[in-house]
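Next, two complexes with subunit A in common: one pairs it with subunit B, the other with subunit C.
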Partner chain A sequence: METFNKPRQRRSRIYSSEARVAYICLIPAFLGLIFLTYLPLLGVLGISMTNWTGLTKPEFIGLHNYIKIFTTDPYIKESIIATIYFAILSVVGSMIYSLFIAILLNRKIPARGFFRAVFYVPFVLPAAAIYVGWSWLYEANFGFFNYLLSEIGLNKVLFIADSRYVVPSLSLISVWLAGNLIVIFLAGLQNVPVVYHEAAEMDGANGWKRFRHITLPSISPIIFYNLLMSLIANLQVVTPALSLTNGGPGNSSRFMTYLMYDQAFVNYKLGYACATTFIIFAILAGFTAVLFKTSNRWIFSEGGDDK
Partner chain B sequence: MSEVAFGRLKSKKRSNRTTNIITLVVVVFFACLVLFPIWWIFRTSLMTNAEIYKFPPSLIPENWLFSNYEKTLKVFKFWKYLCNTMVIIVPSCLAGTFTATLCGYAFARLRFRGKQLIWALCIGSMLLPTMVTLIPLYIGWTRGLGIHDSYLPLILPYFCGGGAFNIFLIRQFIMSIPRELDQAATIDGAGYLRILFSIIIPAIKPAMIVVALFIFIGLWNDLLQQMIYINTSDKYTIALGLTNFRGQLKSDWSLTMAATCLSFAPGVIFYLVGQKYFVEGITMTGIKS
Partner chain C sequence: MKAGKKLGVGLIAAALVFGVIGCGNNNETKNTAPSGEASKSPEKTPSKTEKVKITYSMWGTAEEGKVVQETADKFNASQDKIEVEVQAIPYENYMTKLNTMATASQLPDAGMMREDGVVQWSSEGMLTDVSAMYEGSDSKPLDSLAYTYQGKPVAYAATNEILLMYYNKDMFDKAGVPYPPSALDKAWTWDEFVAAAKKLTNDKNGKHPGEDGFDSQSIVQYGASVENLTWQLEAWTLTNGGGFYNDDGTDVRIGEDASVEAIQKVADLYLKDHVAPLSVGQTDDGIQRTIIAGTVAMATNGQWNVGTSLNKAKEEGLKYGVAVLPYMKDKVTLNTGGANVVFSQSKHPQEAMEWLKWYTQEENNWGLISSGIWMPVLDKWYKDETLTHKWVDNPNFPPYDEYKSAVVDYAQSSAARPASWFFTNHTTEFNTLLASVLGDVWTGKTTAKDAISKNLEALKAANKGDK
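Moving on to the complex of A and B:
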């Protein structure tokens, strides 16, 4: 900034040409923010107060859709429970798994790049294909997991055709897919200053203590980031239901986004589906808000280092 | 260094070596676990149906029946689906990366009125789940613009900045480049766009490749929107084609798995090609987010 001590006139001319370039650069973002984000968001709210089916003219019916969802909808309760159940299992599972693998990969082992690539691979496979592939591993009679169970003398389990097991089975797949979290954790771990560890070691801190008091606080912003991203992603889960279970068996995997899809694009109750959308949005926002609220209690920030 | 301390250092070195070996063993074990499902799918794709149902199942196929793939390709129009998918992905990746770079540059380097507000709106939209805007956007594309059974609703959004998250990544990355570089260029008389193209873009290539990869993976994984916007089987993408194929061939597992493996291939290839940049890029960007 100190280079700009020129006459005011000239400075504002520079400034305006700079602003012009900026606005030109931002045209795509403007369009996106208006037409793809904020107008549709208002649209959800507006449509949710109508009885629009896509065929007839929409009529304004106030909060009727919301009342109906909370009083008579046969699916919403099970759907919310299934989604939260799935999200918690997946988020907890994938956070533990990815942090564990990242810590291992952060040690001096040969071919680290290769292993990192291996753990990342599931993430680059198309989701639809992953669920089709895993449906074979979970197959009721000849699937690999049932072979394992029979080897250790247990009865066969209908993994994705049994309402008790379908959500945990699908969560296992999403833990398996958590390679992106590993890469991000690993990047965070590599930024933990080695001097801290050395100093603590001099003071006689053992491995666990160093992990608990140095590593964890240092990567707490990364933990928060990964937690947030995987929570938002897993609460929006829909692909397994679309490609594999169709919400079943029963309603045990009728996840919220699938419920919305079903209402809007199978039954054409657009107004009603928008009300569902808004409720899902509120739940997601609630989870996000709680996470942000509690974050300053456990995120360690390095004071003055932040820009 | 005292004798005792030296001894401790030596024993520490030895214990480090053993823990490193244990670590390696554990890592190899988990890597095998992660790869196992893929191998199981692959080996199934090379077997006869009789061999699949054999008990106990074998880990390695007896005869590697690559002819299964020929059979699969006759019913599963993989090349067509791949072309269709690429028709969506290529323009989306190019446009998304380019517009995200433009926007990221404006936010990172340029001063203009309303920057704070626009940036806040941008960050805000990052937290907005994509499923929320799905129905209004669908109505907008099909009713408002009369676009049916087309790839445009899947592609055009990427011409609008490629998503707030990608803009954010590029911005963070540009901010880590020393300003002295562009100041020197300014003194040499380069305009803002000139600086972007001749200084910033070459410097942020890894970040741009990460963004392209994210867009690629996003589209690759997105079954929901493809299901909504694409109706005719001629226009099916890999994800749609495979989901549909599985419905038709419920019990022919070897052909289904062959189709699954075919669908895996492009992602793996794309990743292996971009891997170097990708890891480099995410290592730099992941920290700052």
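Moving on to the complex of A and C:
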């Protein structure tokens, strides 16, 4: 036993001095987190227990805002459903789309650089311009898509003017915008060792098998990263509601962040908006926690199981 | 190692999630700012030689701010007591910015204010009583332009604006339909309006609604579009004998049959009559989408469109006319106009009122008025025809007689009623909720009656505005 113990102790001494340096280096980041994130977060919690409007002095009202949200608020239920619906459609859609495009762009096709740029461009375009453009495509009476539909003799689809189609329509825009995911996937695909593929090919594995058993496991950490980023970004969705739909028709696109914005900066119910913020936070934290908990099962780590 | 990595992962996760609270940061900084009490610091009495400095905030670009500052400089040069400095704030952020400044006790002395904010700010004690402002003046603003809270005037509109109907003359000529009337006493009834709209609606085979073989899926030109932005819908509930609120804005009337029926009639223009394009009331660009896009023959909206978009379209060849709104039972149009207010945080309310009184004289806003965006607020411009000529007889406007009848006379007729935000609190909240309630009515998934009766209690609560 002792022979094993000694080297371990030495290693942990080196480790602890390294850790000290690491913690010192982390101080600036922690300061930022504390003063720009955690303390304001506490502030939000505090304000969420008041009836503050910004104009008059806040009064402490305990959990009244939270009670109101869950009992009489006319928006919150549909808002949560719309947000989760949008996030699931957008995340699943953009993951499949961007992985597919990345695989195509990873092949030796002509004008590869050009196509890579083409698929990345939507991501860098100004959001307002994008949504104005899509609003012309989606317009219910004379929009481009409806023009195409009527040319082939089909009935008009109301797209963003119909509460059934508005979320799928907006998700489609968000999928189309997923150029950043494509770039990250591409980087991941280029890191898949060629030797594995060559070895598998010699053993007679076909394209799908190689993709399923070599490519996918190799890029699983990238998939996880993209999934997480995309999930959080899409749960925080607000731009399409602000620029295209104003949360409508009805409440069908009244996403939670838009709801919060509306309460805080249109109706000036800051206390109430802060309470909503905390509910958004809880939902986001829940989704993130589930993702992290389940990630161990499917992420393949080349360096071994170092957890 | 194990613990360290777990911690790291946890922190990253936390940081990612906490990112959503970004907006909370603003709230926090606001919270640390001094509250309203601090504004009561000792007043500095200006010496005789020193001018009292006041600030005036307005919405608009920095360029527009410069233009107003030039006007203010004229005022500054005209007397030796008051020095006005203009602060321009972009329209989209205007109320947010004012709210932030109010929290920090840094409001300007006077400023413009959006219609739906005036009564609420007044109810929170943020505005100075301006009832004495026009005492002893020879011309007062039109009565319909005073914002009142609990019966007392708390602000006057900086401009006058009314709803009316625009129409495309070429489309009427082509269909051989007489133009809609510009005179109030000849106003179309709703049925006459719908009948004319049917004649002006064509599918791609040239058929009209009601004819055999008409295909509502391939309409190439619509007859009419009634703007269904929530606040404008109030006009239609009023014309049918209903309304959004009672006379002093303390109770909700939107649930009454007359109100519900009026809203359903507007929705049916698309759903049943097939004369209107679908609009779900989400964007405020009705005239661009209809008259200017050349897809609709008649469209209702505010008179400001003459200056904001139609004058340019006219130069490019659009022949449009102006008419009074059709009516259901009573003839009604809404008038409105953003307010000019004096903030109660101001240490110089007298001087601020002095400036506003000078500034709201039409001569000092001539650019906005002569382009057709604003209408004068003082009644002499409506009553004295020489002044009306000076205002309307210019190429930005439709023909003088038409505009005089459908806008100038209409605005001072008995049909012009103040929009409810002149005297009703919490209209923003009410309108937001009503817009969301009506979302599925426009597409026909539900009826106005079902949608409104299901949400009537929530609408009443919004009108009460509990924080």
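Note that the second predicted complex is superposed on the first by the 267 of 307 C-alpha atoms of A that agree within 3 Å, B and C clash if a C-alpha of one lies under 4 Å from a C-alpha of the other, contacts with A are read in each partner's own complex, and residues count from 1 in each chain.
The working rule: a residue touches a chain if its C-beta (ideal position, glycine included) is under 8 Å from a C-beta of that chain, and two chains touch if they have at least 3 such contacts.
Since we're looking at a predicted model, the values are computed, not measured.
Enquirer: Kindly say whether there is room for both subunit B and subunit C on subunit A in the superposition, answering fit or clash.
Expert: Overlaying the two structures gives a clash between subunit B and subunit C.
Enquirer: Answer with first, second, both or neither: which of subunit B and subunit C does A:247 touch in the superposed model?
Expert: It touches subunit C, and subunit B stays clear.
Enquirer: Once chain A of both complexes is superposed, is A:280 in touch with subunit B (first), subunit C (second), both, or neither?
Expert: Both partners.
Enquirer: Which partner chains sit in contact with A:155 here, subunit B, subunit C, both or neither? Use first/second/both/neither.
Expert: The answer is second: A:155 touches subunit C but not subunit B.
Enquirer: Is A:104 touching anything from subunit B or subunit C once the two structures are fitted on A? First, second, both or neither.
Expert: Only subunit B is touched by A:104; subunit C is not.
Enquirer: Let me test your reading of the model: by the given contact rule, A:269 touches which partner, first (subunit B), second (subunit C), both or neither?
Expert: Second partner only, subunit C.
Enquirer: Per the contact definition in the header, classify A:38: touching subunit B only (first), subunit C only (second), both, or neither.
Expert: both
Enquirer: Of subunit B and subunit C, which one contacts the greater number of residues in subunit A?
Expert: Counted on subunit A, the partner with more touching residues turns out to be B.
Enquirer: Let me test your reading of the model: by the given contact rule, A:183 touches which partner, first (subunit B), second (subunit C), both or neither?
Expert: Only subunit B is touched by A:183; subunit C is not.
Enquirer: Go through the superposed model and pick first if A:216 touches only subunit B, second if only subunit C, both, or neither.
Expert: In the superposed model, A:216 contacts neither subunit B nor subunit C.
Enquirer: Contact-wise, after the overlay, does A:122 reach subunit B, subunit C, both or neither (first, second, both, neither)?
Expert: first
Enquirer: Which one hits subunit B, of these parts of subunit C: 58-66, 238-246, 256-264 or 418-426?
Expert: Between subunit C and subunit B, the clashing stretch is 58-66.
Enquirer: Shared contact residues on subunit A for subunit B and subunit C?
Expert: Looking at subunit A, the two contact sets intersect at 15, 19, 33, 36-41, 43-44, 47, 142, 232, 235-236, 257, 260-261, 264-265, 270, 273-274, 277, 280-281, 284, 288.
Enquirer: Which residues of subunit B touch subunit A once you look at their complex with the stated criterion?
Expert: Interface residues on subunit B, with respect to subunit A: 19-20, 23-24, 26-27, 30-31, 34-35, 37-38, 40-41, 44, 52-53, 55-57, 99, 102-103, 105-106, 110-113, 115, 118, 121-122, 125, 127-140, 157, 159-161, 163, 167, 183, 191-193, 196, 217, 220-224, 227-228, 238-240, 242-243, 246, 253, 256-257, 259-260, 263-264, 267-268, 270-272, 275, 279, 282-284, 286-287, 289.
Enquirer: Going by the contact rule at the top, pick out the subunit C residues touching subunit A in the complex.
Expert: It comes out as residues 1-2, 4-6, 9, 13, 15-21, 23-25, 27-28, 30-31, 35-37, 95-96, 99-100, 102-103, 121, 124-126, 217-219, 222, 277-283, 293, 295, 428-429, 432-433, 435-440, 442-443, 445, 455, 458, 461, 467.
Enquirer: Quick check: in the complex, which residue numbers of subunit A touch subunit C?
Expert: Going through subunit A, the ones touching subunit C are 15, 19, 33, 36-41, 43-44, 46-47, 51-57, 72, 74-75, 140-142, 150, 155-156, 158, 161-163, 228, 232, 235-236, 244-252, 254, 257, 260-262, 264-274, 277, 280-281, 284-285, 288-289, 292, 306-307.
Enquirer: Going by the contact rule set out above, which residues of subunit A touch subunit B in the complex?
Expert: For subunit A paired with subunit B, touching residues are 3, 15, 17-19, 21-23, 25-26, 28-33, 35-41, 43-44, 47, 101, 104-105, 107-110, 113, 115-129, 132-137, 139, 142, 144, 147, 151, 176, 179, 183-184, 186-188, 190-191, 222, 225, 232, 235-236, 238-239, 242-243, 257, 260-261, 264-265, 270, 273-274, 277-278, 280-281, 284, 288.
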